[in-house]
Amino acid sequence: MAEQETPTPQAPAVALPPWEANPVTPAPQDARQHGQVAELAAALPDAVLDAVDMAGQVTVAIPVERALEVFRVCAERLGYEFLVDCTAVDWKDRPEGRFDVIWWIHRHRDERRLRLKVRVADGVEVASATPVWKTANWMEREVWDMFGIRFAGHPNLERILTWEGFGGHPLRKDFPVEGIDTGAAVYPETYPPGGGPSAKPGGAQ
Amino acid sequence: MSVRKLLTEVFHLDLLGGLWQTARFTMTRKATVPYPEKRLDPTPRFRGMFGFSEERCIVCRACERACPIRIIYIDGHLEEVEVDGKKRKKQVLDRYDIDVKRCMFCGLCQEACPTTPKAIWLTTKTYELATYERDLSLYFRKDRLQSWEGVVAYPGVVAPADGQTPDDPGGTGGKERG
Amino acid sequence: MSTDLHLIQSMPDSEEMEVSFGPQHPATHGVLRVMVRLDGERILDARPIIGYLHRGTEKLFETMYYNGCVPHTDRLDYTTAAANNQAFVGAVEKLMGVTIPPRAAWIRMMLAEMQRLASHIIWLATHALDIGAMSPFFYTFQERETILDLFEEYCGARLTLNAMRVGGQPLDLPEGWTDRLRVFVDQLPDRIAEWERLLTDNRIWKGRTVGVGVISAADAVNWGLTGPPLRGSGVRWDVRKALPYEGYDQVEFDVPIGQNGDTYDRYLVRMEEMRQSLRILRQCLDRQPDGPVMAKVPKVIKPPKGEVYHSVEGPKGELGFYVVSDGSTQPYRLHVRPSSFINLQVLPELVRGHLVADLIAVIGTLDIVLGEIDR
Amino acid sequence: MTNPWVVYLLVPMVKIVVILGAITLAAAYLSYFERRLVGFLQIRLGPNRVGWQGVLQPIADALKLFSKEDIIPTRAEKLVYLSGPVLIIVPALVVFSVIPFGPPTNLFGLLPQAIPPYLTDINVSVLFVLGVSSFGIYGIILGGWASNNKFSLMGGLRSAAQLISYEVPMGFAIVAVLLMAGSLSLVSIVEAQRQAHVWYVFPGFVAFFIYFICGVAETNRNPFDLPEAEAELVAGFHTEYSGMKFAFYFLAEYANMVVVSSMATVLFFGGWLRPFPSWGWLGFLDVVPPVVWFLAKVAAFLYCYIWFRGTFPRVRFDQLMALGWKVFLPVSLANLMVIGTLIVLFGGGR
């Protein structure tokens, strides 16, 4: 590639270019004063519980009971017309509520994103975002399937990736990675679960 | 409706371009490679069947850790060996098994291997691994990994036991240009 | 995935018929199953049932080292491995605060654009095959072979590339690779013109695609469509432009859009996107910086506590990875925003009231890959 | 040679055996040529492994189909299910009894007197061909219905609708030829073209075009292969058929292609006549036997079939209907009127 030599955008010789120095790990910062958060706080004063800015991404914690209200305000008044994604995280032993349910919302007018987060305990229902963003439909079904978080007001809250009647919610931290016995294993005698040589000592070759 | 449009509508003249195109392709050279007689040459970096060298292995288990699906099984023990008259403790390999049937040929083990040249490499250009038995034929023990018993090697690639060095064993791509 | 056996039984008192398309069906691009309620040939309702390829990838990610996740991302959408790699390592790099060397960024861009070409080529091949034109499949796959050959030469694999690592690229480009890529980039426009001659003005093709599966711009945004389905409806939005990553703010390219939001417009958008990808590739080849390809990162990737979401414009739409780290060497949670999954859910809206044949055309135009949908 | 046993039994029997064997073999080899040609269109090689360049492929396929397990779906209507392949293959082969492959010949003096190389020439052979070939649709509809499969059923229904819509413009296109020839006998139509000094494709190009497109539609071939549209209906009406039962459907499809091509040759391209039969200076072309002319023309049409298959996407069901009823039917009627008027005005080709 010598023939295509172009001046590389390298920093002056004194300072190391960023890729040769040690990485600067981003630290979470309080973001209550951030423009997007302030906007939301102005529209719904008590909706912002906490706001964190990490690596340029703003996360706003909102109360679970006001979630639908926040969605409506975001979509209709603040212009976040695009729901990017919705998922959950399981913090198994966290005392103040086991799950984080997370929504990313995007607005096209200034290409900004906001992450909304609610903290819920096991068994608590979260308001469905489907009345505001239709795209939440399958995302919420997936969260229900994988985490067992119910969404109130969802038109068709069924399992989506596993089958109806599957026992358990796979992405919970207490669900075994090896899987559970669903009675659907094919030829369990010939191909024991797990496989590999540990399953059949001295068997192979 | 103009006459031209009517003619196009009735006689489907707009379809002639496509017919012309396919007729032209009839004449072009065919892309088919008659496989068993003629085979494509894998590139030097092609990740295929494992080559393994017990002499080079220092039993560091880096490959075992790097494997995302944990199909490399290593057992070793410490042994006293005499090197230049001095007694030294050295790791000796007891078991080096790869469950090739579950391998996805990602090459992370080769990347993790710290020796030069690599003790394990996938750049053997060999990819014809189909067998009739799923469990036995594709579970490779240490000696079989080196002798390649029952593996159809790519022509030109000698079995790894002969000390064959892969073309680019170390992922030295970064230094290649220098 | 819910199976409604009672719906599959025939309904003697009604003219309606419930047909299960798939999971084994030639035109469902894998194991998609669509329960279709038909009145004669007209679709009253369609309900996609997915999950037949569910492998629990997100759960598996939690048990792997960060670099070990990369080969698994290949297998999400197996036609766009490079984009998956790119999105995943981008997310982890963002979480760690790593800046990758410019040469690595340009190599990634090249791989991603080649992958976009390859993916659009597969889309065109299968879409045309679904609509009954068999030959474009072979013409297009011949060109895709060239891309795969280049992939193989670069990283040693053709489909599941595993070509990116946290912190940069594991390998530099081999000798002569750029020349071969340039030859390919120069000849592909002629090939695209040939494919278009077979389809674009063909009245049968137009009859099958114009006005089929129409979605308005507002609906497309509300349904969360991204990628060509969104742009086909006339929304000029592309992650590469909106939230530029790597070197996309330094290259020039246009974001093509359609007007009517129908299958034909989405076809035109994708064809134009291929040309724009070639334009980006040309600029990459011309302005390729020199230097290292790997940043200074520790051998064992251990990001700090925190969470980050990073998305790239995959060939099928916005492809995002959400990484939650608890400070260990394995991700605490790794969520994928699968573009085909979210694009697929609009299917019932697009086909309601159309004919059975249109269902096939719409499935093709959404460009889904079940590996990504079911994960 | 006046022994009635010879004239009425032996000769027809020999002819039947020869024609049946030839047609079956031709249909089988047509599948080979189709795969080869489509392969060439698609920059690949097609079957080239069995025998030299794969010429034994149809035989290998037949052996494979013979040895396949004979599957009857549990809930299929057995009698109807089994009669489906019969219903489709019999009409497809019976039609060949009236197709004139060439003029009477004595096989270069091998035979004591010239005998026609076709089975029979009945005075309504055009109607016979149309009527008998339409019977094949029962095989498709009943087979599709009896399989107890929704895709098969939809394929069968599509096929029925398609046949009805395309039979009509096709019939009108043929009537144009009948007006010009003044006869319903295929042999007389060829002779009429000799006397008219012109193939009917020149005065009747519109009729020919409509006839051929409708023929493609009637034989369920791409771009009108809706009854077996792979991407939509898996395999359409023969989804549940396997082994030799499938082979019958397969053979019938190819035999029907040959029928449509032969009819196009006879009606519009002068059957066994050489090009421009009245131009004396082209007399050197007569060294080629008439049967070869006939076969060459049929082969050209078959090539078009395969070419279309390699090029076009599939039309949609409603577009197919619209094309048949809204375009071809009015155009064929108008064409008929124009030709009729011209014949009245100028005395036509009679």
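All chains are identified by letter, namely A, B, C and D, in their written order; residue positions are counted from 1 within each chain.
Heads up, the rule we're going with is that a residue touches a chain if its C-beta (ideal position, glycine included) is under 8 Å from a C-beta of that chain, and two chains touch if they have at least 3 such contacts.
Computed from a predicted structure; not experimentally measured.
K.L.:
Identify the chain pair joined by the greatest number of C-beta pairs in contact.
P.N.:
That would be the chain pair A-C.
K.L.:
If I average the CA coordinates per chain, which chain comes out farthest from chain B?
P.N.:
Chain centre farthest from chain B's centre: D.
K.L.:
What's the distance between the Cα centroids of chain A and chain C, rounded to whole Å?
P.N.:
20
K.L.:
In whole angstrom, what separates the CA-based centres of chain A and chain D?
P.N.:
Chain A and chain D have C-alpha centres separated by 62 Å.
K.L.:
Could you please state the distance in Å, as a whole number, between where the Cα atoms of chain B are centred and where those of chain C are centred?
P.N.:
26
K.L.:
With chain centres taken as the means of their Cα atoms, state the distance from chain C to chain D in Å.
P.N.:
45
K.L.:
Would you pick out the residues of chain D that each touch at least 2 other chains?
P.N.:
As it turns out, chain D has residues touching two or more other chains at 41-44, 310-312.
K.L.:
Scan chain A for residues touching two or more other chains and write them down.
P.N.:
Within chain A, the residues that touch at least two other chains are 1.
K.L.:
Quick one: which residues in chain B touch 2 or more of the other chains?
P.N.:
Residues 12, 15, 18, 21-22, 25, 31, 177 of chain B each touch two or more of the other chains.
K.L.:
For chain A, which residues are in contact with chain C within the complex?
P.N.:
Going by the criterion above, the answer is residues 1, 4-6, 8-10, 17-28, 54-55, 57, 59, 81-85, 87, 89-90, 102, 104, 108, 111, 113, 115, 133-135, 137-139, 142, 146, 158-164, 170-171, 175, 177, 179.
K.L.:
Using the touch rule from the top, collect the residues of chain C that touch chain D in their complex.
P.N.:
Residues 17, 19, 25-27, 41, 128-135, 137-139, 142, 198-199, 202, 204-205, 207-208, 355-360.
K.L.:
Across the complex, what residues on chain D touch chain C?
P.N.:
Touching chain C: residues 38, 41-44, 150-151, 154, 158, 222-223, 225-226, 229-234, 309-319 of chain D.
K.L.:
Over in the complex, which chain C residues touch chain A? Could you list them?
P.N.:
Answer in residue numbers: 1-3, 50-51, 54, 56, 58-60, 62-63, 94-104, 167-168, 173, 178, 221-225, 235, 237, 242-243, 285-292, 295-297, 303-304, 306-309, 311, 318, 320, 322, 324, 332-333, 335, 337, 341-342, 344-345, 374-375.
K.L.:
Once bound in the complex, which stretches of chain B touch chain D?
P.N.:
The contact residues of chain B facing chain D are 9-12, 15, 18-19, 21-23, 25-26, 28-32, 34.
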